[in-house]
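Both complexes shown next keep subunit A, but they swap its partner, so subunit B is in the first and subunit C is in the second.
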Partner chain A sequence: MSKLKSLRIDREFFAKGVFGAAAFTAVGAVILICVFLFSRGVPAIWEAGIIKTITGTQWAPKSMIFGLLPMIVGSIYVTTGAILIGVPIGILSAVFMAKICPKPLYRILKPLINLLAGIPSVVYGFFGAVVLVPQIQSIFDLSGGSTMLAASILLGTMILPTVITITESSLRAVPREYYEGAVALGASHERAVFRVLLPAAKSGVMAAVALGIGRAIGETMAVIMVAGNQTIVRLPWQVTEGVRTLTANVVIEMGYSSGFHKEMLIATGVVLFAFILIINTVFNYIARKGESPKAVNKTKKGPPTGLVIGAIAGAVVGLIIVPNIGIVPDVTETLVSIDSITVRGGKVIEGSIVDAEIYNGVIRKATVDGKSAGLIESLVINGITIEGTNVTEALSDFPSVKDEAIITGGAVKNVVFHGAFIDAIIGALIGAVLAALLARSMPDKLLKVLTWAAGGITVTVLTFIIGYILIKGVPHLTPALFEPEWNTTNQSMLPAIINTAAMVLCTLLIAVPLGVFSAIFLVEYAKRGNRFVKVIRTMTETLAGIPSIVYGLFGMIFFVQVMGWGFSLLAGAFTLSIMVLPIIMRTTEEALKAVPDPYREGAFGLGAGRLRTVFKIVLPAASPGILSGIILSVGRIVGETAALMFTAGLFAQILGSPMSSTRTLAVHMYVLSGEGQFRDQAYATAVVLLLVVITINTLSSLIAKKVSKA
Partner chain B sequence: MKSNLLKKLLATFLSAGLVFTLAACNDEDTTTGGGGGTDKATTAAQNNNTGDETQTDDPTESDFDLERDIKLITRDAESGTRGALVDLADIKKEDAEGKKVDAITDEAEVAGGTAQVLTAVETNELAIGYVSLDADTKSVKVLKIGGVEATTANILAGTYKLQREFNLTRKEKLSDAAEDFWNFIFSAEGQAIIGDKLIEYPGNKDAKPFESNGASGKVTVGGSTSIQPTMDKLVEAYKAIGDAKATVEVQGGGSGPGETQVDDGTFDIGMVSRDVKSEFSHLTIRVMAIDGIAIVVNKSNPTSNIELDDIKKAYMGEMTIWAELN
Partner chain C sequence: MKKVVSPLQILVVKEGTDMNETKESKGIKTPQTSQNIDTRSAPKAVNNKFVLKNVNLWYNDFQALKDVSMDIEEKKVTAYIGPSGCGKSTLLKSLNRMNDLVEGCRITGDFLLDGQDVYKTSNLNLLRKRVGMVFQKPNPFPMSIYDNIAFGPRTHGIKNKAELDEIVEDSLKGAAIWEETKDRLRKSALGMSGGQQQRLCIARALSVKPEVILMDEPTSALDPISTGKVEELVAQLKKDYTVIIVTHNMQQATRISDKTAFFLLGEVVEYAKTSELFANPQDKRTENYITGRFG
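Then we have the complex of A and B:
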C-alpha cells in the first residue's frame, strides 16, 4: 500500500516537473528572441543614434538615413483604427453568439467565424487591394485608396475572429449563477449580459483585446497591400493618406537589403518588439489592477471601466473626425497678393479669385470659384511676371514662406497655426463626453439592436470575402494544378498542400504538448498568485503579441543561421511553434478554468490523484475549448506567410526530409501572386486554402462533439 | 421611465447622425487647405467640367479627367526594378554631401512587389507604375517611351531605353554539381530557355552546347524573385538531360540574399536583379539576361506615350496632374 502511494507521489512529482518545464518554454523562448534580436538590432540603433532613429522623420536607406518615426506613428494609427473598428464589433458579436442569437443561427455562425480565422492574410490583402481600396478611393474621391483608413478597416476585420473566439469562450466560462442572480433581481436579459456577465468575463475580454492588438500591430502581408507604404509622418486625422507600418518596412525591404540597411531592418523589428512589450506591460497593469482583491473596493470609488474605455474611444474618434470637418479655421498671415495668373491656352485670370494648393513649393492646381482653372503657365506678383509655378522661387523675397503656404483669394498666405490641432482637441473632448454619456446610459433595446447589428456585419463581411474568393478562384481550378510534381507550367499546388500538412503536423507536435502542459501547470498545479506563474503569464502574453514578422526575423537568425538548419521544414516548424504556443496556452487555460471545481472535488473525493483528475476528468471536459485553440493555431499555421518566408524558404517540390526547404500553400500563393504572372492560379490556390480550412474546422468540430458526448 | 428611454434613444441617434455628417463632409475641407493635409482629394469633386478649359488628346476618352492627380506607384528603395528606373530616367537629386541619390517623391505609394504594382494600376485609373517586362501586363496598358514601343527588338537595338541586366553570383570555387548547373545556364541550351522568357544578353551569344560533367549532389540557387521563374524553367530543362545528375533547389529571398548568402555559402548560385553591390565584387558575377522595364497605366487612361524626362518629373513630384503628361 505504502509502495503504491509513494509510486503515485513520484508520478505526481514527475508530472508536475514536466508541466512546469513546459510552462517555462515560453519564458525560454522570449529570452532567446530577446537575445538574438537585440544582439543584432540594438548595435545598429546605437550606431545610427537612438534618438535620431526614433525621432527621425526621414527613411532613405540609399542615403543612409534611417528615421523610424513615420513607421512608428503608422503602426500606432493603423492599430488604433483596427481596434476602434474590430473590438466593438468583435465583442458585440461574441455577446451575440454566446447569449443572444438563436441556436440554429449559431450552428452556422460558429464554423463561419472559425473559417474567418483561417483565411490567410494574403487573401485578405488581395481582397482589400481589389475591393476595399477602390471603394475608399471613390467614396472619398481620392487619387488612390491605399490609405490609413483602408488598412484600419481591413485589420479591424482580420482581428474579428480572434476577439470573437476568445471573448465568447470567456463569456461562456462565467458561472450560470451570475446570470440567474441578475435576472432574479429584475434585470432584463440584455442588462444581465452586459452589466454582469461581460464585466465578470473581463480578464478574458482583455486578453482578447490584447491578442487583437498584437495581431493588428503585427500584421504584415495584408497591410502592405492596402496601406500605401509611404514613409511620411502623418497626423492622426489624415486617415485618407497612406502610411507605412513597422512590419511593412521589414517585409518590403528585407529581400533587397544588405549590410547596415539590413541591420536597421532587424532594428525595426526590435522597435516593434519594444512596442509590444510596452503594450503588454500596460495591459498587464490594467488586468492586475482589476484582479487584485484590494482593487475591488477601490474600483467602486472610481468611474466604471466601461465608462473610461468608452470615453477614451470617443475621444479618439472625435480627434480623428473633427479636424476633417474643420471647425476652427487656420490662422494665416497674408504675405503677398497675386495680381493675375495665366493658365494653359493663354487665358488670364484675375488674381483675387484664385485659390491654389502648394506642395513642396510648387503650385499643384489652381481653382477659380471652385472650378479647376487648368495648368498654370505664369503668375504676376507685385507686377513681376514669374514663369512656371514655383512659388518658393517666386517669393524668394519672403524667406518666411513655407512649403505649406496656401493661396486663397489670390493671396499667398503662410499657415501660422493649424486650426486642425484645435479641432482635434475639441473633437476629443466632444467625443469623450458623448461616448461616456452613451456608455453610462445605454438602453437595453439599443444594446440588443447593436449586438444584432454586429453579428450582421460579421456575417456580411465574411460572406462577402468568401464569395469573392470563390468567384475569382473556382473557374481557374484545373486538374493541372494538382499534378504530383510542380513545374513552371502547371504551377501545381499539390506539393505545397503536402508540405503544409507536414508543417502543421510538425508544428502541432511541438506546440500542443508544450501549450497544453503549460496551461495545466498554470491552472491545476501552480498556486494562485505564485510569482513564477506571473512571470510565465507575462512571457506568454509577450509571445502572443510578437508579430509573425518578428518571429520570422528571429527564426532566420536563430534556427536558420545560428543552428545552421538553413531554410528548412524544421526551422519553419520551430518558429511557428513558438508563434502558436500562446494561443494554445491561452485557450487551454480558459477552457480549464471553465471546468467547474465540483468536477475536481468529485474526483479527489473518489480518491483520484491530481494527475488522474486532470487527464480523466478535467481535460476531457475542457477539450472542446482546447480544440478551438488548436483550430485557431492550425489556421495561423496554414495562413502564415511572413514567418515562413524567412525560415522555410520557397522550395516548391514535396519535401524530402525535415531539413529541406518547404513552400506551404499560403507561401505558394504569395509567390504565385508576387511576380504577377500567375494571378489566376493564385486565386485558385486561395480557394483550396479555404477548403483546407473548412476541412480542418469540420473535422475538429466533429472530434469535439464526440469527445463532449463521451 | 418611457420618456427617459426616448431621450436616450434620441441622443444616440443624434450622435450617430453627427458622426455620419462628419464623415460625409470630409472631402470638402481640402479646398480651404484646413485639413492639415497637403496631398488630398483636393478639388476633384469640383472638376466636372474641365473639358472646355484644357485640350484632351483623345476625344473618345473624354470621361477620363486629365485635371486629376497622378497617383505614383513605386517600389521599395532597394528594389532592382526601382534602382534601374532611377538610373535610366535619372530620377536623382543631389543630397547634402553632393552625392546624387534616388529622388522619387515620398508621396509615391510603395508596392510590395510586381503584382501589387499591377493590381494598384489595374484598379485605379489615375495610377502609373513600372514593372519588369517579363511580368504579365495584359491587365494594364504599357506606355511607349519617347515614341518607342517596349519590344525585344527595340530593347536589343537600344532604342527602348528602360532596360537592365539580371546577374548571377557565385564563389570562384564551386562543387562539381553546382559547376555543372552553372555551365548549363550559360550553354546554348540554357541561353535558349532564357531567350524564351527574357532577352538574351548579347555577351552570351557564342555559348557552346551543354555537356554535363555527370556530377551528382545538391545545388542551392537563391535570390531575386524576379529571376526565379526563369531559373525554375532552367532547372526543369536541366533535369530533362539524361546524364545531368545534380539536384537543384531554387529558393527565393530577394536580391540581397542573392549576394549575402552566396558569400556565406548558403547558396551556391545567387540571383541578383540589380547591379551587384561593390562590397560583393569579390564574388564571380555574370550577366544572365536582359530585362526591360515597362511603364504601365490603367487601361482607361488615354495616355499612350511618355517622355523619359516626364517620367523623371512625375516621379520627383514636379508633375502632379495627368494634363501635364499629355
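Then we have the complex of A and C:
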C-alpha cells in the first residue's frame, strides 16, 4: 500500500517536472532569440554608431556604409500605406459582415475571408507581381511598376482578413443590450451600429489594427516581390518609387552576407523587433486604458476619439497626396550649367530640355518632356565632355553637389529646401480638416453606403485573387508537375509536397509536446496569478509578434551555422517550432481554461491524482481546442517561406535524411515565381497551396462545430 | 373588455399636439377612489393610450400570446404580472416592436397607439421615440453620462450644444439622478452603481420626450434601496407619461401601479384595477398566483 502510494507520488512529481521543463524550454527559446538578437545586433549598431545607423541615408555594404534610414522609412511608408488602405476597408467590411450583410451572403463571405487569411504570402506576392505591378506601371507610365504603391496596396489587401476577422468577432461580442438600448431610443440600425456598437468594440478594433500593423511591418516575401527593393528613399515620399523595407533588407542580403555585414543584418532585425515591441506596447496600453475600471472614472476631456482618428487619417492622406502632386516648388541653388547630354545610342540631347535627379551622385530618371531619356553615356559641362556611364565620377569634380540634387533648365542645382515639405504640411492640414468635418457630420445613410461599398470591394478583390489564380493555374496542373523527380524541365512539385509534409510532421513532433506540456504546466500546475506564469505569457505574446524573417535570421545563424546542421530539414523544423510554439501554447491554454473546474473537482473527489485528472479528464475535454491550434500551426508551416529559405534551403528533390536540404511547397512557389519562364508552373503551385489552405480551413471549421456542440 | 372605436389617425409627430381627445370610454364604471395611489388627479374621462385587440404572437411554432385584448390608460401605471414565460415581457416588447429583432416572431392583431396601428407605421424609429423602453438589466452605453443621455436627442437631429445641455439636465432631473451626476457628466456611465445606471437608463428614455415608457422588470437586478428609488420615480413619472411595467414582484405591482394584468400561459387571465385585482381576484388562477400557490 505504501509502496503504491510512493510510486504514485513519484510519478506525479516526475510529471510536474516534465511539464515544468517544457514551460522553461519555451521561455528559454524566447530568451535565446532575444539574447541572440540583441547580443549581436546591438554591439554592431554601437560599433557603426547609433545615430549614424538610424539616420544614415546610404546602405552600401561593400563600402562598409550601413545607413538604415531608407529601410526604416521604407517600412514605415509601406506599412502606413497598407493601414490606410486595409484598416478603413477592413473595419467597414467587418461591420458589413457582422451587422448589415444578408445571411446567405454571409455564408459565402465568411469562408472566403478565412481562406484569404490562410493563403501564404508568396501567393499574394506572386499575384501582386503578375497583376498589380504591371497595372501600376502602365497607369503611372513608369519604367517599373514595383513601387511603394504596389507594396501598400498588396499589404493592405493582405491585412484585410486579419482586420475583418478580429473586428467582426469583437463587434459580435458587444452585449446585445447596447443595441437594444439604442434602437429603443429610436435610433436606426446603422446609427446603433456605428455610434454605439463600434465604439463599444473599440478595444477589439484596436487589437485588429495592431495585428494588421504587425502583419504589414513583418511581411517579407510579398513585399520583396512587388516593392522594387531600392535602397533609395526620399523624404517626403513619392508613392511611385521603389522601396526597400527592413524585412526585405534582411532576406535579400542574408544569403551571402558575412562578417560585419551579417552583424548589421542582425541589427536590422533588432530594429524591426524594436518596432514591433513599440507597436504592441502602445496598442496594449490603449486597449488596457479603454478597459480598466480605473479609466472609467477618469474625466474625459477633449474631442471625441472618432474625430481625432479621422483627423489623423486625413492628415496622413493629405501628407501623401499633396507632395505627389507638387504645389510648392523646390528652392534650389544653381551650381553648374550643362550644355548637352548624350544618351545610349549616341543621341545628343540639348541640356536645357533635360530634367533629372541626382541621388548619391548618380544621375537617375533623366526625362525629356516627361518621357524617359534612357541611360546617360556622357555629358558636356562648360564645354568639357565627361565620358562614361558612371556619372558619379563626372560630378566628382563638383564637390559642392549635395547627395540630392536636380538637373533642370540646363543646370545642376542643389536642392536647398524641398517644397514637398510645405506640400506635406498643407496636405496634412487640408486632410485633417476635411476628415474631421466629414467624421463629425457623416450622415448614417452615407455610412451605410460606405459599408456596402467596403463589403463590395472586399468581396470583389478577394474573389478576383482566388478566381485569377484558379483560372490561370488549374489548366497547368499537368502530370509532369507531379513526377517523383524534379528536374529543370518538369519543375515537378511532388518532391516539394512530400518535403512539406515532412516539415510539418517534424515541426509538430517538436512543437506540440513542448507547447501542450507548457500550457498544462501553466494552467494545471502553476498557481493562478503566479508571477512566473505572467512572465511566460508575456513572453509567448512577444514571440507571437516577431516577424518570421527574424526567426529565419535566428535559425540560419543558430541552427545552421552555430549548431553546424547546415541547410536541413532539422534546422528548418526547429526554427518553425519556435515560430508556432506561441500559437500552440495559447490555444491549448485557452482550451484548458475552458474546461470547467467541476470536472477536475469530480476527478479529485474520486481520489484521482493530478496527472490522471489531466490526462483522463481535462485533456480529452480540451482536445478539440488543442487540435484547432495544431491545425492553425500546420497552416503557418505550410505557408512559411522567409524563415525556411535560409534554414531548410532550396534543394528541390525529395529529402533523403533529416539533415538534407529541403524545399517546401511555398519556397518552391517563390523560386518559380522569380523565374520568368516558369510562370505557368507557379500558377499551378499556387492552386495546390490554395487547396491545402481549403483543406486546413475545412478541418478547423469541422472541429469548431464539434467544440460548439460540446 | 370594453370596445373603443377610434378613427384612424395619422401618426402625430409632436408630442401632445393633435391628440385624439374624442376617445370615449363607455366601459369605465369605477370612479377614482381613496384606495388609488394616485389621488392627485382624477380625470373624468379616461384616455386610452394603447388599445390592443385580439393579439396573437408566435415564436416560430410556439404561441406566446393568445388572443390578448386590453386598453392601456394614459398617464397611468399599468403592471403586468405572472410567472416566467407567461408572455408579459413578450407583450411589452411588442408595443414598441422590439420583437421585430427576434427571428421567427410573428404577430397578428391590432396594436393601436392613439388609434394608429404601430405595426402599420412607416416610421419605426419615430414609434420607438414615442414609446421608450427601460430594460431588465441596466444597459448604459459605454460612453460618458452626458453622451448616454445626448445619444437620443442627437439621433433625432438635435445638434445645438445649449439645447442638448438643457435636455440632459432635464432628463437627469426627471429621473431624479441629477444631483448625483451633475459633477461627473463627462465620466463613463459604466462607473456608476447598478441603481444609478438604471435611473440613468430611465433618464435616457426620457431624453427623447416619449409618450409611453415601457419597463421590463426594471428593478430585478437592483438592491432594495435602489429598487425603492426607482419605484418612487415611477410614481412621479405617471404625471407626464404612460408607464407600463413588467414585474415579478407582486408587492411592487401593488405599490406603484394603477391597473394590473395577470398573465398565464400567454393569456391575460385578469385585468383590473390593482386594488381590486389583489383584494378580490375574480379568477381562481389569479387567486392562486397572488396567494403564492404557484409561480
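By our rule, the second predicted complex is superposed on the first by the 397 of 710 C-alpha atoms of A that agree within 3 Å, B and C clash if a C-alpha of one lies under 4 Å from a C-alpha of the other, contacts with A are read in each partner's own complex, and residues count from 1 in each chain.
Here, a contact is a pair of C-beta atoms (placed from the backbone, for glycine too) under 8 Å apart; a residue touches a chain by one contact, two chains touch by 3 or more.
The shown structure was predicted, so the numbers you read here are calculated from the model rather than taken from an experiment.
Student: Have a look at where A:D330 lands relative to subunit B and subunit C in the superposition and call it first, second, both or neither.
Tutor: first
Student: May I ask you to decide whether A:P199 touches subunit B, subunit C, both, or neither, giving the answer as first, second, both or neither?
Tutor: second
Student: Pick one for A:G186: touches subunit B only (first), subunit C only (second), both, or neither.
Tutor: second
Student: By the touch definition at the top of the document, which applies to A:A480: first (subunit B), second (subunit C), both, or neither?
Tutor: Touch status of A:A480: no partner.
Student: For subunit A, which side has the bigger count of touched residues, subunit B or subunit C?
Tutor: Residues of subunit A touched, subunit B against subunit C: more for B.
Student: With both complexes superposed on chain A, which partner does A:D355 reach: first (subunit B), second (subunit C), both or neither?
Tutor: The answer is first: A:D355 touches subunit B but not subunit C.
Student: After lining up the shared chain so the two structures overlap, which partner does A:I384 touch, if you call subunit B first and subunit C second: first, second, both or neither?
Tutor: neither
Student: Shared contact residues on subunit A, subunit B side and subunit C side combined as an intersection?
Tutor: In the superposed arrangement, which is not itself an observed complex, subunit A uses no residue for both subunit B and subunit C.
Student: Please give the residue numbers of subunit B that touch subunit A in the complex, ascending.
Tutor: Touching subunit A from subunit B are residues 5, 8-9, 11-12, 15, 19, 22-23, 25-27, 29-47, 49-50, 53-55, 67-71, 76-80, 95, 99, 101-102, 106-120, 123-124, 126-127, 131-132, 134-136, 222, 225-226, 228-229, 232-233, 236, 249-257, 259-260, 266, 274, 277, 279-280, 317-318, 320-321, 323-324.
Student: Flag every residue of subunit C that touches subunit A in the complex, lowest number first.
Tutor: Result: residues 96, 98, 101, 125-129, 132-133, 135, 137, 139-144, 151-152, 155-156, 184, 186-188, 190-191, 201, 204-205, 207-208 of subunit C touch subunit A.
Student: Subunit C touches which residues of subunit A in the complex?
Tutor: The contact residues of subunit A facing subunit C are 175, 177-178, 180-188, 191, 195-196, 199-200, 293, 295-301.
Student: Help me check something: in the complex, which residues belonging to subunit A touch subunit B?
Tutor: Touch list, subunit A to subunit B: 60-63, 126, 129-130, 133-134, 137, 140-146, 224-225, 228-232, 235, 237-238, 240-242, 244, 248, 251-259, 261-262, 317, 321-326, 329-330, 343-345, 347, 355, 357-360, 362, 364-365, 367, 370-375, 403-404, 406, 408, 415, 418-421, 434, 437-438, 441-443, 445-446, 487-488, 566-567, 645, 649-652, 660-661, 671, 673-679.
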